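Scrolling down, you'll hit the structures one after another.
Two complexes come next, and they have one chain in common, chain A, joined by chain B in the first and chain C in the second.
Moving on, here comes the complex of A and B:
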């Protein structure tokens, strides 16, 4: 009897906690549904519809928006993928080097200096970074000015970097600290015994980094890169402020379709393509995660 | 203690709401860059407040370029569809979207009731890129694109599009513009190019729209030349980017907005030696228009606001003297208001005669969009 009551009470409490749990997540779910899922599905449908033939025909299903998107902006889609991939590779290398130095470095002063300095760009918004780069990377900008003062360049040898290179430089500068922060954290929590053992056996620091440390932080590195790729795919200010000329990134063309032609259909089609690209990246990551769990572990 | 605070708060709230009831609010939405919001907020609103101490002018900036005007149009259109009255009383919009706003029945035909209507002489108040807008709009100002050049780098600038097209071959990279995606100075340059090399400027500005011109032999030839031309130019990042690059000496000549150029020069952001010129056969400029939504609840107050904004005094000191725009009303009504210095400065590089002959309008919406699409397809 007592047991039954206790059981009943436990059930009641669990139900109550389940209910309050639902109540707790409800605002977040509603928020996502109202401000993300609803507009997303709206855009998605819009990408696949065009105005009907007759004046009062309403809308009908069509792939015309996608045809136009590929016809006019095919180059830009490729350009976007290349820019983001190159940036991701550079960010990954930079983050491994920074994290590796902080984890394996021996000069305490330098390690601390790197630890403090590398995070600064985290606190600067993309639009500010883009505006700074616009004057920093220009042909007669600050960077070339300094190089000329140092005698490393003559004024005639200077070139501006306000093209794809400027976009990559800005992305790397802005996203490197974020990835480095996560990677450094993961490296700091590694069991140092493996590192010490490798060192005792005479492995150099680069070899320890590459063969011992990096494989262990790979999951963190990939999560950080996926997040960075998604962020870079969505930034408008950097490509528009550094180089708006064709080929440019897809975000610029989406804004252009809306601003110049009032054409949301093609802009949404580009949006869907952009989603598919980021979706593919996320899928590769998930697949890898599942394989990792089902495999050796 | 708590009750005291509560009592104080209640009194305060009552006082505020009583105050709010006595005041009415005039909502002014303006498209355009920061300087537009600044002009309405810091110059026009306080002046209106002197006339109507009981009216608060609330200014909303909706963003630069046609996109800013589109935002106003979309809002008014949504409110119309919902059967609600507009929450905007006065709007400042660009030339391209205003025609659609008129044909969609979003705007009130108010100009006849404004005292200052007789001061407006520009054709642009009657026709906006092919759409009859007479009575629905009053121009706030005219702005104009032109070529800015640095005499130290380009001592003898090309005087026309035709000369420029040859000149860049000998001086590659010295001319810079911002393409079509990054500000209207580049779009204006491209439109000017099409006017110059198709020889159909008149048809493209005045209509009627003739679809056979798009994709015709001369149309395609002009675009092919532009593609060739683009190989020898520097691309700049935006309207501001062109001015920045001119200022740093990275390019020697490029298309800019006249008002932006003078404002930057006055702020010390552009080298004072850089000069302006209007090339043959001319370049487009555009007005910004004051409009009143059809369902604004404060029509009379809105008209009074626009009367103030288009009065010779405000046009002279606000539009011309402080913000370096060309006046929206006929310039002859400003002469008595302006000092000779200000007048001379405005017309130093580009004379009133230049403006009369070489200040063109943008093409009809049909040609406008066709030029952009052709540029995307055939030039880039």
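Moving on, here comes the complex of A and C:
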């Protein structure tokens, strides 16, 4: 009897805690629903509908917005994918090298130098980074000026980097510290025994990095890269300020479509395409995440 | 590794170390150290070159081709930007008010949620955590475009409230995830001890759990503050042209070709960011950082 009562009470408390838990989470979740899910649904609805034929016909399902989006902005879509991919590859390589050097480097002075250096751009806003790069990388900017002073370039050889290269440079400059910070953190919490064992067996540092350290921090690296890729797909200021002329990134064209033409249909079609691109990347991450969690707990 | 090879290796170890240690101390030989040092120098130039450029622009009164460096230095533009009737003060006030309101609103949603996610039995906990990440997993320009349209309909467009709501949406994932990790890292035995000596759950929360999680909460507050201070895209869609935060001011000056004003505004935005970068590790301990998103 007493046991049954205790059992019942425990159940009640569990339920109460579950209920209060939901109650505590609810405001935050509702906020996301109202400010994200609701506008997001508009984005899909607008992308797939056009105004009906008659003036009062309302809207009807159509793929016309996508046809127009590909026709007008096909180049920009390809351009966006290439820029983001190239930036992601450079960021990943840089983060592994920086994290690897901090984890495996033995010269304490140099390791500390890297540790202090690499994270400077971390909290610098994109818009500030864009402004820095805009003047730094220009044809007559500081970079070319200094290279000329040093005799490494002649004034006739200078070219401005304010095109796709400028965008990639700005993205890598700004996002590398973020990914490197997470990767370095993951590397620091690794079990040193495996690394020491490999070192005792005479493995070189690059081999240790590639065969022992990188596979173990892969989940962290992928999460950081996915977040970075979505960020790069969302930034308006960098492409606008570095290189606004065509072909440019999809973000610029979406804003242009809305500001210049009030054309929400095409802008949202471009939006849905950019969701699909990042969705593909996130799907890869989720598959890895599920595989990793299964082994972990 | 088998037992035998392990011992064999141990026996060999002293012989190897003398040469290896010297090599390792120098980071793979003197040449290695020099090569690494050179790479670090390049890294430093890549990082600080663009920043130096920005600093030069803030004090350049005249800078034109073919001058590598400014032709004349001075603080004339500073006086113009920080003129009491200038745009900078209006923008600064907008930025600070919006950032503070965003932090308050965001944390009031995130602290209860983070506590529940870390400590209470929740159905579909992983899914709920994921819900907060989802806004970060979508490119946000189309979302901003549609938020702006909804705000137009609600007559919210171009108000401080609209911008605070959008900034809160951005800060939410940091706030909830870091709060969850911070609450998760609080030593459970402390809470249990408090409960054992008769403290109620609410008292335990305010005297034990919240203070222990405070460094993480502060870190998330700073994250949210900076996110709001630096936010451009959302403000551009839901606030412009009425709400001129510092990034909006900077963008406008930059696009108008007024590099001095843009650079001075950028520098003002940089100061809090750099300060935070220097202190971030004090607030965000490695165990909390490693637990983010778990």
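The definition used in the following text is that the second predicted complex is superposed on the first by the 287 of 297 C-alpha atoms of A that agree within 3 Å, B and C clash if a C-alpha of one lies under 4 Å from a C-alpha of the other, contacts with A are read in each partner's own complex, and residues count from 1 in each chain.
In the analysis below, contacts are C-beta pairs under 8 Å (C-beta built on N, C-alpha and C of every residue); 3 or more make two chains touch, one makes a residue touch a chain.
Quick caveat, the model's predicted, so the values are computed rather than measured.
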Worksheet item: Does the superposition put A:242 against chain B (first), chain C (second), both, or neither?
Response: first
Item to complete: Have a look at where A:143 lands relative to chain B and chain C in the superposition and call it first, second, both or neither.
Response: second
Worksheet item: Now for A:261: first (chain B), second (chain C), both, or neither, which partner does it touch?
Response: first
Worksheet item: Between chain B (first) and chain C (second), which, if any, makes contact with A:233: first, second, both or neither?
Response: second
Discussion item. On the A-aligned overlay, A:162 touches which partner chain: chain B = first, chain C = second, or both, or neither?
Written reply: first
Worksheet item: In the superposed arrangement, does A:29 touch chain B (first), chain C (second), both or neither?
Response: second
Item to complete: Give one of first, second, both or neither to describe whether A:126 is in contact with chain B, with chain C, with both, or with none.
Response: second
Practice prompt. For A:205, decide between first (touching chain B), second (touching chain C), both and neither.
Written response: second
Practice prompt. For A:72, select first, second, both or neither according to whether it touches chain B, chain C, the two together, or no partner.
Written response: first
Fill in: Chain touching more of chain A, residue-wise (chain B, chain C)
C
Response to the item:
chain A residues where the chain B and chain C footprints coincide 134-135, 140-141, 240-241, 255, 258
Worksheet item: Which residues of chain A touch chain C in the complex?
Response: 14, 17-18, 20-22, 24-25, 27-29, 31-32, 35-36, 38-40, 42-43, 46, 101, 105-107, 110, 113-114, 117-137, 140-143, 145-146, 148-149, 155, 173, 182, 185-186, 188-189, 197, 200-202, 205, 223, 226-227, 230, 233-237, 240-241, 251, 254-255, 258, 264, 267-268, 270-272, 274-275, 278, 282
Discussion item. Going by the contact rule set out above, which residues of chain A touch chain B in the complex?
Written reply: 72, 134-135, 138-141, 160, 162, 240-248, 252-253, 255-256, 258-262
Item to complete: Report the residues of chain B in contact with chain A in the complex, numbered from low to high.
Response: 65-67, 70, 178-182, 235, 237-238, 241, 244-245, 248-250, 369, 372, 376-377, 380
Item to complete: Flag every residue of chain C that touches chain A in the complex, lowest number first.
Response: 1, 9, 13, 16, 24-28, 33, 36-37, 40, 43-44, 46-54, 56-57, 65-69, 109-110, 112-113, 115-117, 120-123, 128, 131-132, 134-143, 145-147, 149-150, 165-166, 168-169, 172, 176, 226, 229-230, 232-233, 236-237, 247, 250-251, 254-255, 259, 262-263, 266, 269-270, 273-274, 276-277, 286, 289-290, 293
